[in-house]
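In the two assemblies presented below, subunit A is common to both, partnered first by subunit B and then by subunit C.
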Partner chain A sequence: MLPKQRILTEAKSKLKSVRHKLTDLAEQNTGLLVLCRKELADHLNSKRFVIIVILVALTGLASIYAAANGIRAATQDQKTDFVFLYLFTAGGKSVPPFISFIALLGPLVSLALSFDAICGERSRRTLSKLLAQPIYRDAVINGKFLAVVIVSALMLVSLGALVGGLGLLLTGIPPSAEELVRILAFLFLTTVYMALWSALAIFFSVCFRQAATSALAGMAVWLFFSVFAQLLVGLVADAIFPLTDQAAAQIVFRNQQLRQFLGWLSPTTLYSEAVIAILNPSIRILGPVMMEQIEGAIAGPLPLGQSLLLIWPHFTGLIAGALLCFAGSYVLFMRQEIRAD
Partner chain B sequence: MKIIPPKGKQIFIISMIIMLSAGLVVADTARAQSGLILSTPYPGLEVRPGETVHFPLEVLNQSIASQPVSLQVVSVPEGWNWSLLGQGKAVHQIFARQGTPQQVDFKLEVPAETKEGSYQTIIRASAAGAASNLTLNLKVSAESKQEGQLQTQYPQLEGPAGATFKFRVDLTNDTAKEQSYSLSAQAPPGWQVSFSPAFDSKKIASLSVNPGESQGLEVEVLPAKNVTADKYKIPIRAAYAGGALQTELVVTITGTYDLILSTPSGRLNANAYPGQEREVTLTIENAGSADLTGVRFSAREPTNWSVRFEPEEIDLLAAGETREVKALIKPDRRSIAGDYVVGLTASAAEARSTVEMRVLVKTSTLWGLVGILIIAAVIGAVYRLFKQYGRR
Partner chain C sequence: MIIKTSNLTKRYDTQAAVNNLNLEIRAGEIFGLLGPNGAGKTTTILMLLGLTEPSEGSATIAGYNPTTEPLEVKRIVGYLPDSVGFYEDLTGRENLRYTARLNNLPPAKGEQRIDYLLQRVGLTKVQDQPVGTYSRGMRQRLGIADALVKDPTIVILDEPTLGIDPEGTREVLAVIRQLAQQDGRTVLLSSHLLHQMQEICDRVGIFVRGKLLACGAIDTLGDQVLAHEPQQIEIRAQPVDRRQVELIAAIAGVETVERDQDGLIVTASRDVRAELSKTLIEANYSLVHLRQRGRELDDIYRRYFARQEVS
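Moving on to the complex of A and B:
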């Protein structure tokens, strides 16, 4: 046999085996895909989802409208090259910017969509029936998580497109390729952030039998990270490195460093910092800076790659957090005893 | 034949002697009395070698009847050119009316190689029954009075390359006639020399000056673009019909010092990573007209950065020479990503040049890889959980 033909047949057999593996994987996960599709349909048809989407869309559009109205003066002051990104990061006089709304409401949407993911089934007594179907047990939790992530992504992409379209209409300035990539990165980052909160909500819904308890626990965590975490971080940092009038610069710097480090334990802080850095190219560093580090530095936008590198730790933290939360709920769910009562 | 008595014979002889001697003594007057006079106002003249002299001759017919008079040069020093001119034409005859003087111009060129001394030229005018000789005495001497002058009060000017030098030159006509002077200069290649009358901007190539008068001239000298520091002599010449007047102008170009520091492509930005040396090629050009010695390089960089140069010093940078220099820029290990300004300076004792380099510091992708590894580890852990608990 010619070597060429041999290579060809080898490649063919390899391709066949890969295809086999893929079909095997699909067959193994038919339950997951069916469940995911069902969950997706449930979410999209639920009144809960409609209410939340309307809330998010209205606030988002309001902030974009306010930003677009003030954009002319703002761009003249700031002399930024990234006018389109400015729509997302700037607010009006009384309306906070779009990214603040998303940072606040994103977790709420995730919590609202999945606080009763498992315990709801349990209280409706459908979980045992579901598991009686010829599907793997993890298909249930995987499918629910996947469906919530897809719904979040869908919502964010359509919201982003809506906001972009409105911005284009109001300002008449098309986004550059870099701006587009930055916006897509922002949407992806937000999807990951929402996935983290969904994973947390699912974890609570596995933990608690009552849907209300699960929702309350989720809300408590959300409130803690949104409001109290920063206060607590300040408290701890000031206790370790007290800031007095005579405090040495070293102490002040350490205090700031500690604040930042503790802040990174909160997904909310991670997310806000990452979003600011990705949507505002002129941000070069997050956290305290020594004077000697910025000596000779000139104001200028950071290239996209550098911005991404800057937020890479945040991104890693968020993805790892989301996966860990999901892993926790997965383990908990798999070890739980489910009786057909 | 009649016999002359002895007494009478004596008387005759005596009278003959008297007549003859009288005739000898008053030979010229006798000839004058014969009626033709060739004359010139100044038959004795001092001339310089190479000069051309004009003798206005006058032929006066006093007594003989009006008739043509032949003119001929009887003797002339060897090698001298001459011509008789009447209304611009060479003539050899002149019509002399009785009692009316006739003019003719005698032009004599004294060869440049003529030795000093006295020379004679004889011209003869002859007609039927009368003739006249005119002897011209020429004393050739090198130091004889000039027939004009080209003078300048400040023959040496000094300035940097690129400057325009203006000389004030006075042209004096000491000849007896109005002269037309044609002006020229012998400048080095690439130089421009122009003449203009004093207080006038017109560029002229020639001018005429009345006898005894002097005319101010402005000589403008524009050196060549790539002129190097040196002393340059520019002879200028005003040629006229009888010769030429000369003088020499001197322009001293003082060196200009100009350094230009740049990059081969003109690009003044570079990328660098924190704590890593980055090589930037620079070009250093001596754009001045003098050599520069000891060109040193220095940098104004942010704190904790380091900038080295290779070579650190150039001993000699000739005028117009361009050299490449390498700058090794090393940002601070802890510097933040983004743009920084690093000032790079090349300086010699006479000149300096600074460029501002925009250095974009990029953070290393190492931490990005670490992030990817962490995510991969987490995914791996979740996958293990799937394997462990899933598919029950």
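Moving on to the complex of A and C:
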């Protein structure tokens, strides 16, 4: 046999085995794929989804319009190379920036899409029928989760494209390659953040039998993290390291450090810090900075790789949070009794 | 034995919903779990399907253990839950299609099977209407079709006739009978409706407070349950006189003879009906009525279930 032929046949057999493995994998996950497909269709056809899209699109457009109007003044003030990113991070006079809207609405969207994932099946009395089919129980959770993640990713990417396109029209400044990558990273980060909230909502939907209770629990956590957590963090930090007029520099520093540490326990803080770092190349460090640290530093934007490195812990933190919610759902759901009533 | 449970027990807190259940179901028969609400029928079914774990004991379905091998069990068991639910916005056909996909049926084969099943349960005409518009009877029949999508060897139906009108009930029962007789499937159904069970089941297990009171063919159940209690026999023979009472009292096993309106009531420690009628006829009495009291399933049912309902 000629060497060329041998290589060809070897490659063919390799390809075959890969294809076999893929079909095996698909077969093992039939339940997951079928479930995910149905959930996806359900979400995209639901009125709930239409309402959410309208809400998010309107607020997004409003903020982008405000940002585009104020962009001239902003760029003149700050002298930045990354004008396009400004569309996302700058707000108007009375309208907060796009990223704040997403940080606020993203979790709400995830909650709205998955608060009744399991308890909805329960109250429709379809859960016992579903679990009497030859599928693993975790396929139900995974399939539903995957569908929500796909829907949020779809929504975010189209929203990002819409906002970018509109910004292009309004300002006439095309994005650079780095800006594009940064925006994509931002969208990816947001998808992960939304996935975390959807994992939490699924956890509550396993916990509670009533969809309303599950929705309420999700909203409570959302409100806590987006409003009260910061107040609480400040309160605790000030109690341990009181900031008086005569407070030593060390105490002030410790206070700041504690604030930051406690803040990192909240996914909302993790996400907002990461977004600011990725969309603002001029941010070099998160948290309190000592004079020695900036001494001799050259003022200038951080390269993309360094920005990504800066937010890596935040990213891992978000994923860890999602995994925690998942673990909780699994433990609860795997051994739960599935009764029709 | 296609289904077998040994000392199957399920406790909630301290109360036992199912208590030391030993059940054997043969392949190809229709077995009925008969009992009042809350007797543990549904819990038993859930344990057989691996939808809840037994506290003690074990079950085997076609050689598989539902707790440790749930997928194998679910591949061969079709299940119609108690008051089944559907995705209301989807049509009947789409609901069945979803089940077919979950069972990994190839699309073409799945559609064929759905066509066949819809026709079998008589829903072909309404297959493209959303399930939200279906009546209860139609839903129940769709539920049976749904349980049959995977072509199961065992079908478990939990209260299949609950809440449907007599005509719907008749249709559902006809379908269930076909499952065993035509297709040779094993059917396990639960119900609290005695007469329906009497009509279609080969064997019945009477279930009260988590315990299996009696189990067997319908006509043998009475003796099983009441074997240790004295029997009462109503008898009416003409002419009614003192000699008749004496003749009856002389039969071995007879304990008391009482007068009741126009007949007698005989209490005996064993079944004395044959001797009674022989004795009376030989003594030239004309026997008008002879009935054993309390041995029909109705009586047993009333007796045990009424007591259950009160407490």
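What we mean here is this: the second predicted complex is superposed on the first by the 319 of 341 C-alpha atoms of A that agree within 3 Å, B and C clash if a C-alpha of one lies under 4 Å from a C-alpha of the other, contacts with A are read in each partner's own complex, and residues count from 1 in each chain.
Following the convention adopted for this analysis, contacts are C-beta pairs under 8 Å (C-beta built on N, C-alpha and C of every residue); 3 or more make two chains touch, one makes a residue touch a chain.
If you're wondering where the values come from, they're calculated on a predicted model, not measured in any experiment.
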{"item": "Touched partner set for A:I338, first subunit B, second subunit C, both or neither", "value": "second"}
{"item": "First, second, both or neither for A:T30, with subunit B first and subunit C second", "value": "second"}
{"item": "Which of subunit B and subunit C A:S128 touches, first, second, both or neither", "value": "second"}
{"item": "Subunit B versus subunit C as contact partner of A:A62, first or second or both or neither", "value": "neither"}
{"item": "Touched partner set for A:L166, first subunit B, second subunit C, both or neither", "value": "neither"}
{"item": "Subunit B versus subunit C as contact partner of A:L323, first or second or both or neither", "value": "first"}
{"item": "First (subunit B), second (subunit C), both or neither touched by A:A153", "value": "neither"}
{"item": "Partner chain in contact with A:K38 - subunit B first, subunit C second, else both or neither", "value": "second"}
{"item": "Which superposed partner A:V181 touches (first subunit B, second subunit C, both, neither)", "value": "neither"}
{"item": "Footprint overlap on subunit A, comparing subunit B with subunit C", "value": "136, 335"}
{"item": "In the complex, subunit A residues that touch subunit B", "value": "28, 136-138, 284-285, 289-290, 292-300, 302-303, 305-306, 308-310, 312-313, 315-316, 319-320, 323-324, 326-327, 330-331, 334-335"}
{"item": "Residues of subunit A defined as touching subunit C within the complex", "value": "27, 30-31, 34-35, 38, 45, 124-126, 128-136, 335, 337-341"}
{"item": "Sites on subunit B touched by subunit A in the complex", "value": "301-305, 332, 334-342, 358, 360, 362-363, 365, 367-368, 370-372, 374-375, 378-379, 381-382, 385-386, 389-392"}
{"item": "Subunit A partner contacts - residues on subunit C that touch it in the complex", "value": "42, 46, 49, 51-53, 71, 74-75, 77-79, 81-89, 98-99, 101-104, 143, 146, 150, 158"}
